[in-house]
Structure formats: C-alpha cells, structure tokens
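So that we are looking at the same thing, I have put the structure below in structure tokens.
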Amino acid sequence: MDEAALHSLLEGVRSGTVAPDDAVAILRRLPFADLGYAKVDHHRMLRQGLPEAVYGPGKTPEQCAGLVRELLNGGGPVLLSRADEEQVSAAVAANPVPEPAVEVHRRGLTTVVWGRAPAREGRVMVVAAGTADLPVASECVVTMRALGFEPALHADCGVAGIHRLLASVTELAEADAVVVVAGMEGALTSVVGGLTGAPVVAVPTSVGYGAGLEGITALLGMLATCAAGVTVVGIDNGFGAAFAVARLLPRAAAGP
Amino acid sequence: MDEAALHSLLEGVRSGTVAPDDAVAILRRLPFADLGYAKVDHHRMLRQGLPEAVYGPGKTPEQCAGLVRELLNGGGPVLLSRADEEQVSAAVAANPVPEPAVEVHRRGLTTVVWGRAPAREGRVMVVAAGTADLPVASECVVTMRALGFEPALHADCGVAGIHRLLASVTELAEADAVVVVAGMEGALTSVVGGLTGAPVVAVPTSVGYGAGLEGITALLGMLATCAAGVTVVGIDNGFGAAFAVARLLPRAAAGP
Amino acid sequence: MDEAALHSLLEGVRSGTVAPDDAVAILRRLPFADLGYAKVDHHRMLRQGLPEAVYGPGKTPEQCAGLVRELLNGGGPVLLSRADEEQVSAAVAANPVPEPAVEVHRRGLTTVVWGRAPAREGRVMVVAAGTADLPVASECVVTMRALGFEPALHADCGVAGIHRLLASVTELAEADAVVVVAGMEGALTSVVGGLTGAPVVAVPTSVGYGAGLEGITALLGMLATCAAGVTVVGIDNGFGAAFAVARLLPRAAAGP
Amino acid sequence: MDEAALHSLLEGVRSGTVAPDDAVAILRRLPFADLGYAKVDHHRMLRQGLPEAVYGPGKTPEQCAGLVRELLNGGGPVLLSRADEEQVSAAVAANPVPEPAVEVHRRGLTTVVWGRAPAREGRVMVVAAGTADLPVASECVVTMRALGFEPALHADCGVAGIHRLLASVTELAEADAVVVVAGMEGALTSVVGGLTGAPVVAVPTSVGYGAGLEGITALLGMLATCAAGVTVVGIDNGFGAAFAVARLLPRAAAGP
Amino acid sequence: MDEAALHSLLEGVRSGTVAPDDAVAILRRLPFADLGYAKVDHHRMLRQGLPEAVYGPGKTPEQCAGLVRELLNGGGPVLLSRADEEQVSAAVAANPVPEPAVEVHRRGLTTVVWGRAPAREGRVMVVAAGTADLPVASECVVTMRALGFEPALHADCGVAGIHRLLASVTELAEADAVVVVAGMEGALTSVVGGLTGAPVVAVPTSVGYGAGLEGITALLGMLATCAAGVTVVGIDNGFGAAFAVARLLPRAAAGP
Amino acid sequence: MDEAALHSLLEGVRSGTVAPDDAVAILRRLPFADLGYAKVDHHRMLRQGLPEAVYGPGKTPEQCAGLVRELLNGGGPVLLSRADEEQVSAAVAANPVPEPAVEVHRRGLTTVVWGRAPAREGRVMVVAAGTADLPVASECVVTMRALGFEPALHADCGVAGIHRLLASVTELAEADAVVVVAGMEGALTSVVGGLTGAPVVAVPTSVGYGAGLEGITALLGMLATCAAGVTVVGIDNGFGAAFAVARLLPRAAAGP
Amino acid sequence: MDEAALHSLLEGVRSGTVAPDDAVAILRRLPFADLGYAKVDHHRMLRQGLPEAVYGPGKTPEQCAGLVRELLNGGGPVLLSRADEEQVSAAVAANPVPEPAVEVHRRGLTTVVWGRAPAREGRVMVVAAGTADLPVASECVVTMRALGFEPALHADCGVAGIHRLLASVTELAEADAVVVVAGMEGALTSVVGGLTGAPVVAVPTSVGYGAGLEGITALLGMLATCAAGVTVVGIDNGFGAAFAVARLLPRAAAGP
Amino acid sequence: MDEAALHSLLEGVRSGTVAPDDAVAILRRLPFADLGYAKVDHHRMLRQGLPEAVYGPGKTPEQCAGLVRELLNGGGPVLLSRADEEQVSAAVAANPVPEPAVEVHRRGLTTVVWGRAPAREGRVMVVAAGTADLPVASECVVTMRALGFEPALHADCGVAGIHRLLASVTELAEADAVVVVAGMEGALTSVVGGLTGAPVVAVPTSVGYGAGLEGITALLGMLATCAAGVTVVGIDNGFGAAFAVARLLPRAAAGP
C-alpha cells in the first residue's frame, strides 16, 4: 500500500464510504498472500523495485512449486535459488510458462529463473579470482540477468598473477559497479578496490584449503580490506551481490 | 519421594517398624528405575510437573523402545525426540497403545508422542521467520501439544517484510507467551520483543547461509537483542522452547 | 497509540473534524519524544507493561541526565544501568526527586533507580553460584525491586558443594520463578533446572578463569543444559533476567 | 598517470625525445611521493575520484603531521581518522590552513578534516539504532561531509520500538542511499533493508553486552540478513561506509 | 635401552670389545622397530609401564595389521582403537591368536584388544551422564580392562535428576579414581568433583545439540569447573582417560 | 554429616529423643556456615580430604577477610588465591596468626597461605617450559606446599633445547606425579608424557605471542597431545593442578 | 614479458616500427592464455622459476583436462592436485604423453604429475609425526619430486617416543631444508626446530581427535612454537610446503 | 656436545681414563648453564648457527639482566626482545659493554641488541604494507642486523595502491629473501608471492580495525594465500621472521 492508497482509504473514511472498523482492519493489512506455510510479499516490487525470490533450503518441493506459482501470478521475474533436484523438478513442472532458465550451481544446488525484469543500465563487471569460484560468480550473473543487467564475467583474475587483472584495468576504471568473487584469502578485493572508484561488492567464497575455514578467511579479509569503501555480502552469496548491484544502479527501469 | 513420604519414613523409624539401617538405604534412593543403560526418572512429573522425554541420538533402537515402555508404565505423555527411522520403528512397534502421533522433522529426525497431558491454559503463539524454519517450529508445536497446549503457528513473518508481522500485532499484544523461531540473523526476536510484554522465548535455527554459521549468528543475535527480557534456548531447540513455556504458564493442570 | 485511539482518530476523519492529510501524519507518529540524540519511547509502558531504561555505555553524562529527566516526566520508575561515575553524578544531580536508589556494580558500573513500580506478586529466587557472582546477581535484584518484586537472594550455592543447594530444595520447588546466576562452567543451572518445575532464567557471568573465556563457557553450558525448558540471557545480564521475570509473572499490577 | 600521459610518453619515445631506458623507468613509476615512512598516493583522486585519508593508529604524531601536509599539497580534502590527542595536536599545528573541522570520536579517537570536496548529489540517510551508536554514526557523517554530501542523521531507531523507525518510512523509501549503524544484534539492518529499495550499507558497532562480542554479533547478523542486497563494512567502520556511499552515488563532481 | 644396558655397552667399549664408532651408532638407536611407515616403540612398556596402542584413522588396513603383529611380538596387550570395518577385518585376520576382544564404538569405529595386562588394583568408577554417552564410556571401559582394571560403569547419572547420582554417593567417596563421561554442558563433572576426594578425570563427549558445539561446550565447562583438582582429556577420548587412570593408580602390577 | 552422624540422628528418632519434624530439618542441613555472601563448606575436609580455598576475584576485601577467618576456625590450612593488594592486606590484617606465607603472582595477583596440611608422600616434579611460566608454576608449588607436598621445581625446560629436559630424564622416570607448566605451543607436555609413566597434569599458560591466543593454543595442544593418558587443567591454573596432585597421591595424611 | 622484451618493444616504438597505440595495448598484456574459465599463466616459470599447478576442487573434469593440456604446451612439469577420480580420469585420458605419475592422497584426492623439472640440489628431509600423517607427507614428497628434488621421508617420529626422532639427529643437523608434517598438537615442530639450524617448514595436518579441531590446534601450535625462525603453511598443505622448499634452495636449475 | 666430543669421550672410556659411570652422567649433560630460573643454552650457536635471545615478558628485570650477562659470556650477539622499560634499564645497566643498540617497539616494548654476528650474504627485502606496520617491520630489521644482514626496508606498499609495489618489481625479482609485513587483510603477501620466486616469509600484524581481529584476519589470509610456497610466522613476530631468514640464507658466515 503506497501513500496514494492510504490517502484514498482515509478519504473513503472521511466521505463515509469506508467504515472506521474496516479501515482499521485494512490498515493492518499490507498486501501479502498467506499460503499457510508462507506469506508472499506482493508489495516488494512496489516498495523496493526488487522482485521476491524463493530460497530453496528447508522447503518441501511442493512449497517451492506453490511459492513460484504465487509469485508468477504477481508478475515476474521469479527466482528459485539454492534448490535441490527435487525442488527444481517440482517447481518447473508446476510452472512451465514462460520457459525458465536453469543455472546449475555446485553441490547439487541450482538457480531457476522465470522471466526477466526490464533491462537496467550500467556496466557491471563480475571478477572471479579462480576457476573454482565460478559457480558463485555464475549464481551472481544469472541473478543479475534476471534483474535486467548484462554483466561481464572475468574469470581467473587471482592476484598471484597480478598481470591477469591489470589487463582489465581500463574496464575496471570505467565500470559502474564491480562484483569481486574470491575465496582463499580474498586479496583480489583490495587490489580491485584500489584500481576503481566504482562501487565494489565483495563476495567471499568457501573455496580454498589450508586455512580458508570454509570462506571465513576470505570474509574477514574482505571486511578488513585496506581499500576504502568496499562492501561485503555473506559467504558464497552471489545472489545477494546481484541484489546489491540492483539497489545501487540507476533504477530507471524499476521505479516511477 | 515427597515431604509426606519422608515424614512417614521417619515416623516408621520412630515407632520401630523401620530399622535405622534400612532408613539410611531408603533415604539415599529416590525413585528411578535402573534399566542398566538408563535410569528412568519417574519422579520428574511429581517434582516438576514436566514429563520426561527420550532423546534419540546415540541410543540404540532397542534402548529407545525400552525407555518409552518404562515411561509409559509411569503414566504419560511420553515423547521420543530427534529419532531416526530405525529408532521410530522400534519404539512404535514396541509401544503401539495408545496410538502415537508422529511429526517428521527435517534431516530424517522425527518426534513421536504417546498420549497427551491434561489441557493447559494460555494463548501461546509460535512465530516463525521463514518457511525454512517450519521444521523447528513444528517440533515446538508438537511438543507443546503433548504438554497440553493449543499453540497458534504464524509462519513466514520475517522482518524484511515487516508488514507481515505487523498484521499480527494484536495477537502478539494479547498472547500469554510467544515463541520466536528464526534463523539467519534472528532479527524477528527483537521486533517481537518490542511489540509484546508477554514472555518471549527465542529459538535460533540453523537456517541460512553466507554468515549464518549453522545458527550461531541467530543465537548470538537473540542473546544480544535490544529488547529487554527476551530469553533464549539452544539452536534448533524447539523441544526446549516448548518446555520453557510449560514452566511459565499456569500449572493448574500439572501440580497440586 | 492504542486501538481505541485509532478508532477515535478514524472517527474524526469520518466526521470531517480531522483532515485525511493530518491523519496520515498522525498515523505515522506513535508517541515518542525526540531529543535529537534519542527517541524516548513513552509508549512502552502501555504496550508492554515494562518501563524503559537508560543504558549508560556510549552516552555522554548530559545525555544520561536528559534521558532520565524525559522518562521521569512520563512517570516512573526509571532505571539507569551500567553507568560510570560521571554519568551517575550528572543524572542524579539533574534528577534529585524522588531520591534514587544506587546499587554499585563491579568495574565502576552502577545501577540507579528512581521510583518503583507497583508491587508484583510471585515468589522469585535469585540463586548465585559463588560470591564473585554477587555483583551480577545484585544488578538483577535491584532491577527486580524497581519492577515491583521482592526477590530472595541465595548466595554461594555452587555445585561443588551440592548440599548447600539441596538445603534450599523446598524453596526451589515452591518458587514462581528462579534466576540462576553462575560463571565458570555454569553447572548450577542444570541442577536447579532439574529440581524445580518453575521457570528458570539463567544468567552466565564473566567470573572464572582457566577456560571461562569471559563468560562464554557458562553461556554455552547453560544453552546446552540437560534440563529441559531452561532459558538463557546474555553474559552478566542481570538486568535482562529481571525483565524476563517481569514478562512471565502475573501482570496484574502492570496492565489491565 | 592516465592514458593520455602514457600516449604522450610513448610519443616522446617514438620521436626520440625520450630514451627507451628512461621510459622504462618512468613506466614503472606511477605518481606517489615517498616520504620514507609512507608513499603518498597523489594518483588516487584521478584514479578513483576518492581522496586519500590518513589512518592514525600506529603512526607517530610527526608522521601524521607530515602525511597531512603532503596530501594538502596535492589538493584536498584531507582526512585524519582515528587519531589520538597527540596526533591531532601535531597535525593541526603543522597544518593550520584552512581551518580543520574536528569531530570527537569515542575512546579518545578523533576525526579531523581539512577542506571539503565539491558538493555531491543524493539524499543520504544515516540511521543509528541507539544513542550509544552515535560516535560511529558521527564518524560516518563527518567523513561524508568531507566527501561533499549532506547526510541526514536519524538517531535511536532501534527495532525494539519499531514505530520510531516507521516514522521515517517515507524518507527511507525516497533515499538514494542509507547507512545503518547498529550494535547489539544489528536487527535494524534487516528491517531497513526491507523498507527501502535504495542501497543499504550496514555498519556493525561494538556497542552492546551480554553476547555482543565487541561487534562480532552485529557483524554476523548483518551479513546473514534476510533482506536481499544489503552490504556490510567492518565493525565501527563509519569511515568505510562513507566511502562506500561516495563510490555509489553519481560521481558528477569527481569524474569526467 | 635402560640404564643397565647403557652401562653394559660402555663397559664393552672400555674393555675393547665394542669399538667407539659402533657405540656411537648404538647410542643413537633406542629400541624401536622401523616398519617404514611406522616406528614401533618396544621401549614404552619398559619406560612407562604402558602398552602402545594402534590408532586407526589414516592408516591402511595393511598398516594396522602389521603394527598389531609387530606389537604382539613384543608382548601384549595390544589395542587397535578407532578402527573402521576394513581395518578391523585385516587386523583380526592377520592376528587371530589370542582371540581379540572387539568393542563396537559408534559411527562405525571399533576398539579391538588382544590379550590383557596383569590385573591392577583400585576401585575405578566410570560415571556417564546420559545413555548417549555410553559409546565413549564403553571405549574407556574396554581400554581399562585391557590395562588390567575392573571398572564399574554407572550409566545415566545426569544432573537434571540429581538424585540418580546421589544414590551412588558412597561408591564415589570410596573410589580410587573416577572417570566422568558427559556431553551437553558437562555439569556432572563439577558435582562429582565436589562429592569425592578421589582423582577425577573428565571426558567431554560430542553428545548434545543446541549449543553443544560437538563437545566444545562440555570441554570448556569441564576445564572451568568450580571443583578444584579435576583434570580433563580431549573430546570423546575414553581411550585417553583409561590411560590416565593407569598412570595414577598403584603400578605394582605393571612395573618391576 | 558423615554416615555415623546419620545413624545417630535416626537412632534418636527411633528412641523418641528427636522429633521427626526436627529430623527433616536436620537432614536438609549439611554442615556449612552461611555468612550471607558465602556458604562456607566446613564439610569438605571430611568429604574430600581437601581444604577449601578462597578465590579472590569479585570479592570485597572484607569478604576475603571474613571467609579466611571462618575457614581458619574450621582448622587449616587456608588458601587465598588470585588476591589483589587490597584483598591481601585486609585478609592478613584480620588473620595474623599463624603467620601466613605470601607468594606474589604476576599481574598483581597473590596467593596467601595460612598453616599447612600434614606432610604428604610422593615425589612431585613441576616442570616449567620457560622462565615466563614461573609465576604459574610458583602458584602450583605454593599451593602444593600448603597441601603438604615438597615438590621439586625444574625451570626453563622448553623443547627447543631438548637436552635441557633430557638432563632430568631419570627424575621424570622416578616421579610419582609430574606437573607440566607451559605456554606458547605447550609441546613440553607431549615429550614429558612420553618419558614417564607417572601421572602428568598439564597446565597451559597464557605466555606467548604470535599465535598463542592467551593460552588457548597451549590448552588445545595439551588436550590433543600424542602422549596417551596426559590430563589437563584450565589456563594458568597452577592452583587446580596442585589439587589434582593432592587427589591422586596416597591420602594417608588426609583421610582415614 | 621480461625487461629485455620491454626494451625491445620501446625500441620498436622509437624506431617507428611499432605504433604508440599498439604499444599501449601490448604493455597491458602480459603473457597468459585465456581459456574463458581460466587464464593460464605461462609467464610464471620465467617470473618465479616455479611451474603453475592445477588445483582440482571446484573445476569440472573438462576444465582440469584443458588446463593440463594448455600447461603442457608451455613446457612442464605440470601438477594436478587434490583431484577427484573423475578429474584424474579426464586429465590423464586427455594428456597421456608423457606418462603421468599418480599419487593417491586420502579422501579420494589425488596428485598427478606430468614430467619433472631439472634436478635441484639440496638435502631435503620430510619428517612426519605419525603414520596417519603420511598422506600429507606424500603429497609433499611427490610435489617435490616434480620440482626436481629427491627428498628423504622419515615416518612416525612423534615426540611421545622422542628417541625415534633423536635417531635422526645427524641428518637433521646436516639437512638443507626440513619439512615437518604433524597433526594432533604438532609438537614435533618445536623439537625439530631446536635440533637443526636449517630452514624448517611446518605443515599442520587434520589428523587427530579430542581437541585437534581438524588441524587448527596443530596450526596454532606451530605458529606459537618456541623454536625461533620456524615457518608454517596451511593445514594439510603438503603441496605448499614443497613450493616453499623450491623457493629457498639454490635455484641453479631453475633460473639464469 | 658435537660428534667429535662424543667420540673423544668414548675413546676415554675405551682407554680407561673415563669411568663408565662418569660417562653416563656426562652423556646426559649437554652444555647449558642453569641459573635456577633459566637454563642458558650455550650450545645453540654450535647446533644451529643461531644465537639465543631473551624474551622479556614474564621475566623480572633482574632475570633479564642476568640472562643477558650469561649469554654475553658465551659470545654474542645477544638480543633482548619485547622488553619493557624496567627490563631495558636493568639489562643495559648490568651489561654496558659493548654499547647496545636499542630499537623502540610500540606499546612500550623494545628490542635491545648487544654486538652483531658476522656479516651474512643475501639481498633481503622487508616490505611493509602500511606505515602502521613499521614497528613490527623494524623489529624484524633490527633483529636481522644483529644476525648479520643488511636488509632493505620498503614501507607503505599496500595493495590498494598497487603501483607503489609495482615500482619495486625488479628488486623483488632479484631478492634472495622477502619478508612481507602486513595487517588488515594481509593481501600484500599474495601479490608479492606472485611477483617473485624468492622465499617469502609473511608476518601478519595486529594493525587494522573493523574485522582485523587483532591480526587473526591477516594471519589466516596469509596461510590461505593463493601464492604457492609462501610461509608464515605468528602475529607481530618480526623477530621470528628474521630468524627464518637466517635459517634459509647461505650460512657461510655462521657455520663451519
């Protein structure tokens, strides 16, 4: 319910077409659809210009399918993230139209996308440190595509061979937003943060061994970076980084 | 052994019908049944008004079955919690009467309940942050039912769509006890704690990724909550939250 | 703003005495006083039956004094907790009437209370494991007194001399609420939890050495307790435990 | 050295006015001034549109003063952050013109600013959870002012009194960027993230006790937030959040 | 090589029957058998009165079988601990005489014992908190039997039903050594430590959930115990506790 | 109350000289003196053969003085441990006879001992890794002296110069108990554990830097030692190690 | 691109055979082959004298095969490390010549080596604490062989039987580099570090239980070692230790 | 005692000039001077070619002075590290000749050096990330000077301005050893490790805030580095890094 609707409601009360008791009830009810196991937030697109996504883990295949259906009814795009095979099957079978895009994430987890948001402007780079970081980087890319972006993916730019990153220095300087995806020590973040003045969103990954601590080391390193103004999302959270970019780039396509 | 029994015993000593040596022996023995692998505490219902439950992990199927049997002999209800399939089969086969209620928990763990305690009064709400928190919330609900409550379950009230929670603000204000079940950052606890003056028991769940640390993040957040007087149980411990509610609501049905 | 006030407002809109634009503005403003550096929540007593307290750390002495003044204007009682000497001096000097009660906490931190809530019913025990836990236990006691309770403090009941606790077994069985305050390994919680069916709120303290980890060990032990239904607050949080008790005991004296 | 300068250098080589050996040496030297104890990066403003700041801890007062001087020579603004009293005195005495702005941070640490960047556009909100979070919020505000912003500071919006935040819901919806500053459990981040579609930068603070772990709890909670697309900087890092905002808002004043 | 052998060697040198060069070589070689993948310490029984055991994890089945064989050659008893099914099969097949005792530990890990040390004196109690702690307690018992003890196992003595432990208070007071095996919060250790003056060796187990942290919570609690003079071994280390008891009880049966 | 007293009490009930109600009251009261702030356990010497000690931190100087006085009344010896200067002054002034022994611990913490237990047998070695571990080793030694031992202190035996330890190899082999005090990585424990069959109690110290983590590293290393049967107490807990030795060596002097 | 090539390029610019625009483009491109999913660093052998290796985890079998092929094109040797069965099959099938050496690591991970670097000088010892540490030690040995060394492997030298290590004291003193591979408490590192003046590289392993924390304990212990000048690599990182040795021993065979 | 001395001793036994009993005693005594509180290891220079140093913390000023004196008697150089003002005064007053070099470390800790080892060969670079890392870098430099090196210190090379490091790329390539000193995220290590084939010893520092965790973040990042063959010492351990370099560079000046 936006401000206009609130005015309209109160006007109805004032003019007597809406009873005060009914207004009390309505005011407490912002729009969501209660499926029993979930309350689908149809208001989010209006409130934030961001679509709601279905996070797979812990949900039954039927719940995944039902949530996708409800969201598709509200207009797309719809994302199903971190879904296992059963969840993907159920959701795709129940929601065949339009044809969803499926992106296989590692460890049997998959992102499925139905539809696509209107195109968004902005040169977005996704820079991954190693080949092993590609699944997280891909989750970020597929989510950004659903949100309307056309990101450029630069793989294997780890700082142990710094010239591989320096080859992209011009693109970095001209980017409107950069997502850095790195595991191990996450040092790539600091170097990229120093090479560009664009917003840098860092995604630590659980890639690495020896002292990587399943991504904790990269997470801490990115938070402690010596490059001022870099921000960080959770471990392996390519999904969150894509939404972070959607928040910061011109919302011409998403808002009034 | 309650205080009356102690008086009776000592009166027997005074009157000569009980030898002092025997009294020494008896005084050291409070009532429990020693099955060799377990000492069943028949005294708990008297001492606490709370039934004893069987915690599955680490026990053999035979031990689970035997413990349930011994406890049913002492009067119900009996709970078998966090049991795997083999344990459930053995316990249900060995204890068919009365018909147990079975609630499937995630990761192959199940709660089984034989019988039900007398009805307890009190409006109890179980508020879950996300659909993925439902298995833990369900463990809490099934346990509370065994204890005699009729809790109301509100699913998917996460604070990222705060209006979904605000829709329940009256119920929250009027509740006698509220259990908050949340993973990720557990922020729902603080918002609920600020909206009601009722006792709030928070259950962190191991739901989430990125920096959820298998529930540690939610646990810490709930303990550090800015809402005064909220209390917390262990991660995924819907069972413990149900018992906490049983401790705090009028024990009319359970004690003298 | 309670429900009656909302009806009244909307009735005003309906009857034309309140313009819709004004109603929009009012509906957005629940009652709090904005001091610039703080938004004093005069609504909490109505909403929760719990007074708001001033938490000292990080505030200037002037801010402490001002917040206490604003809250006293709203009716008492008012608590200033974890205040250092400068904060206490400023707050007491600026708010001399009624005479505040001052309780010295360790490490130079003090709780000051102005006024007292109407008496609350319920037998409340505060059981402390060691003499070194007394400062936290005292914070809990002084806060509960401000909230209208008359708690009984049992000091030095640590389980290494279990008979000291067993001497209080009847009082434990008959209590309406028990707060356990313990550092080191926090084992007292589990024993108390097994001896009473009353609500047990556990407060881990930062007392101990060797492997106490500044209270983390006691905190974890209390959360992992084998006594079902015990709940926990943060380390050294005697204040929070008092509010937890206020939430769970009959609110006859505090709200309609 | 920008791309034009590189062309010019190579043109000099081609035309014979620059010897290849000299070019090799130059190509290795991007512009910085080596003070022995520091290499001042005069190139950052060109490369990133961001000024370089002097981080106080670990530096001698003389080094602080010298670094500020060198940076003022390169054009302003200049920030000296987390400086203790001796460092502030030395730096201010050695660099009196133009008059620096001094902002006192807690624990004796101070931010000093000489000059100010050209005005930047964008409605920026800084939302602080509690009064105790104000020092970190102030560090963020003073840094953003130096960078050319006019941020609006909203204090004491913690979620335990959610109506205090809801009072600002329109401003949140219309903001171009929001910085959330919160300690304890950091729940404010998730609620704000759900109310606005603008970029949200979360700053965990070391405020809190019980289980705050000096800010770790808030940090983890913000990273694990259920609000998609929120990003995080390090604990108490108001400085970093300001630079993050400078990266993401229209760089009209800083770039071509 | 004991002191007598050293004298004998040097006497040989003195008398000319041993060349100095040979003595140098011998002096560097204390008795162990080098199997390539292991150096079997035949000297341990002499040096410590303790048999050497084979720790399964990380070894091939062939290595396990070979090590057991080599140790049986040196005289028994021989223990193979934490062995998986393949390792047990290989070792038992290769070393059938005398008939080994096999004790199944949880998670597919098994202790196998060939032979038994001469009987040791001393009343040893193994007190386990819950039925789920029995596998670790059993590892301790079977190891102690191999070392010559006849320990008494008391199961399910957790402190939430403190009377179950108090029933054994006389045995505790009269024991020569007590091993406490407990998971969750490990509180049993402190209560036992206060009831007996005998040596208490605490074994934390990885049993528990909510905040048990795979045994870390019990470990920390045992180390921080309020009962003076209690000592601790590693998580689930029933094997180590048995050896600790062997070190502290009269070594009449084990040494010369 | 020992078993004889219990018989006597019950005999009184039987013969009619003790009323049952009085017996109930008595049975609940095991002997301790309640000072309000502490419950002094006069029963411990009988129950455990171990004296009770006063742990200074968190107690007022007056409480320390009072507790020492109460314990001296019950017969000695009395230990005041980890006391600061004020506590020592108050306790010594209030309890001048017999002359206490004062041992200065580092960081202003001191152990004071009044009296001494009857001599205990047994060759006890305290082996310290470095000179910086001496304060903890000294706390252990002074406590053991109070308990009746004459321990031998071997300083600076760290394994980086392994020959320094090997010089004591005969004494190690012949010891009845060995306490190892070590910080940094605590490796000394494993080497000593392999050289002797005697009980080894390891005390990690907070000595070290780089990755010592205030003693956590040494603690973990000692718990994970490859030497079977070594046991561990908390960090810097020389006091606890002394009591552990008192538990395990022949109690001829302390019990019947 | 080495310095000579840079001179040559600039000479080309000076003489007019290379256009400045082309030089700009070339200068940004150091030699690597971009396979899309990876940027193969053919320059590393020139820059560092170290071959590039393919780290298996997170890569598809096809990517592993392709990377090995690309690297073999650049000259060998090529290592594929931590590869699972599918990756090994694909890589070996696609790159049969020359015959690769395959070393099976534990948990289904394998090191494969194609070719071998020219022989390097230096006596290198790999000292492993236990048989269970052999897989990590073997990874180190096979990697060193690929790099041109002939290391000597000493197994089962754990300090609980210190004479087994002392038997190798002369070799330790004469070694040019020593790699210590140890789990549990990692104490072997300190003893070896004290016996030799050679470079010591310590590799903690995830071997151990009780308090080994999957190698964290050994890692911390090695970093906190009392033996000055010992250095450490990550947990189970036998690969990294081999490269560390390659960096420090005479690079006669590898560089000009 | 070196091998020659051992031969000589045994020859004495053979020839009858040394009694076997005396030889047993001598063989157990390697050369150290026992000062009671310390065992000075005069053998280290012979055994390792490395001087012994005195680590200040935990020692009394008198012990520091005495240890320095004893070591100077054995020939120099002697280092006193991490000494506070009192320790420095006592040690310098007691050991005035030759004139010691004093290097002030931060937080009141100081390194003092008496004498200097013969010059060692090798180009050693110490690369520090920020000015705040200089105290640790200086500890490393002054220690290396005492050991006979002439290291070159490069300050303020942090990767956020990567061109500052690239300016030293030739020196890095030609160095014989590089020490990297960095706090915050420690990313400098990975970049340096990729630019040189020389041995790289990384020293994490406790510099940083936000998520630096007092150096833990840098430590983990360095251990998890993507640059193969880099090794690490403990936090702030400039001293240890210097000794690591002394172990790996040609020992021409130090050993036979």
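We just call them A, B, C, D, E, F, G and H in the order they show up, numbering each chain from 1.
One rule holds for everything that comes next: a contact is a pair of C-beta atoms (placed from the backbone, for glycine too) under 8 Å apart; a residue touches a chain by one contact, two chains touch by 3 or more.
Keep in mind that what you see is a predicted model, and the values were worked out from it rather than measured.
Common neighbours of chain D and chain H under the contact definition above: A, G. Taking the CA centroid of chain E as reference, the farthest chain centroid is that of D. At the interface between chain C and chain F, under half of the residue numbers involved are used by both copies, so each side presents largely different positions. Repeated interface: D-H and one of F-H, E-H or F-G share more than half of their contact pairs by residue number, and that pair is F-H. If each chain is reduced to the centroid of its CA atoms, chain D and chain G end up 40 Å from each other. Spacing of chain C relative to chain H, judged by their CA centroids, is 53 angstrom.
Chain D has its Cα centroid 25 Å from the Cα centroid of chain A.
Chain contacts: chain E has residues 3, 130, 161, 170, 194-195, 209-212, 219, 223-224, 228, 233-234, 240 touching two or more partner chains.
Two chains count as a pair here when they touch; such pairs are A-B, A-C, A-D, A-G, A-H, B-C, B-D, B-E, B-F, C-D, C-E, C-F, D-G, D-H, E-F, E-G, E-H, F-G, F-H, G-H.
Residues of chain F that touch chain E in their complex: 3, 47-50, 53, 170, 173, 177, 194-201, 219, 223-224, 228-234, 239-240, 242-248, 251, 254-255.
Chain F meets chain G in the complex at residues 129-130, 158-162, 184-187, 189-191, 193-195, 208-213, 216-218, 220-228.
If you check the complex, the residues on chain C that touch chain F are 106, 130-135, 155-157, 161, 163-164, 166-167, 169-170, 207, 209-212.
Of all the residues in chain D, the ones that touch chain H in their complex are 28-30, 32, 36-39, 41, 43-44, 55, 57-59, 63, 67, 82, 219, 233-237, 240. Per the touch definition, chain A reaches chain C in the complex via residues 3, 6-7, 10-11, 13-14, 16, 20-21, 23-24, 27.
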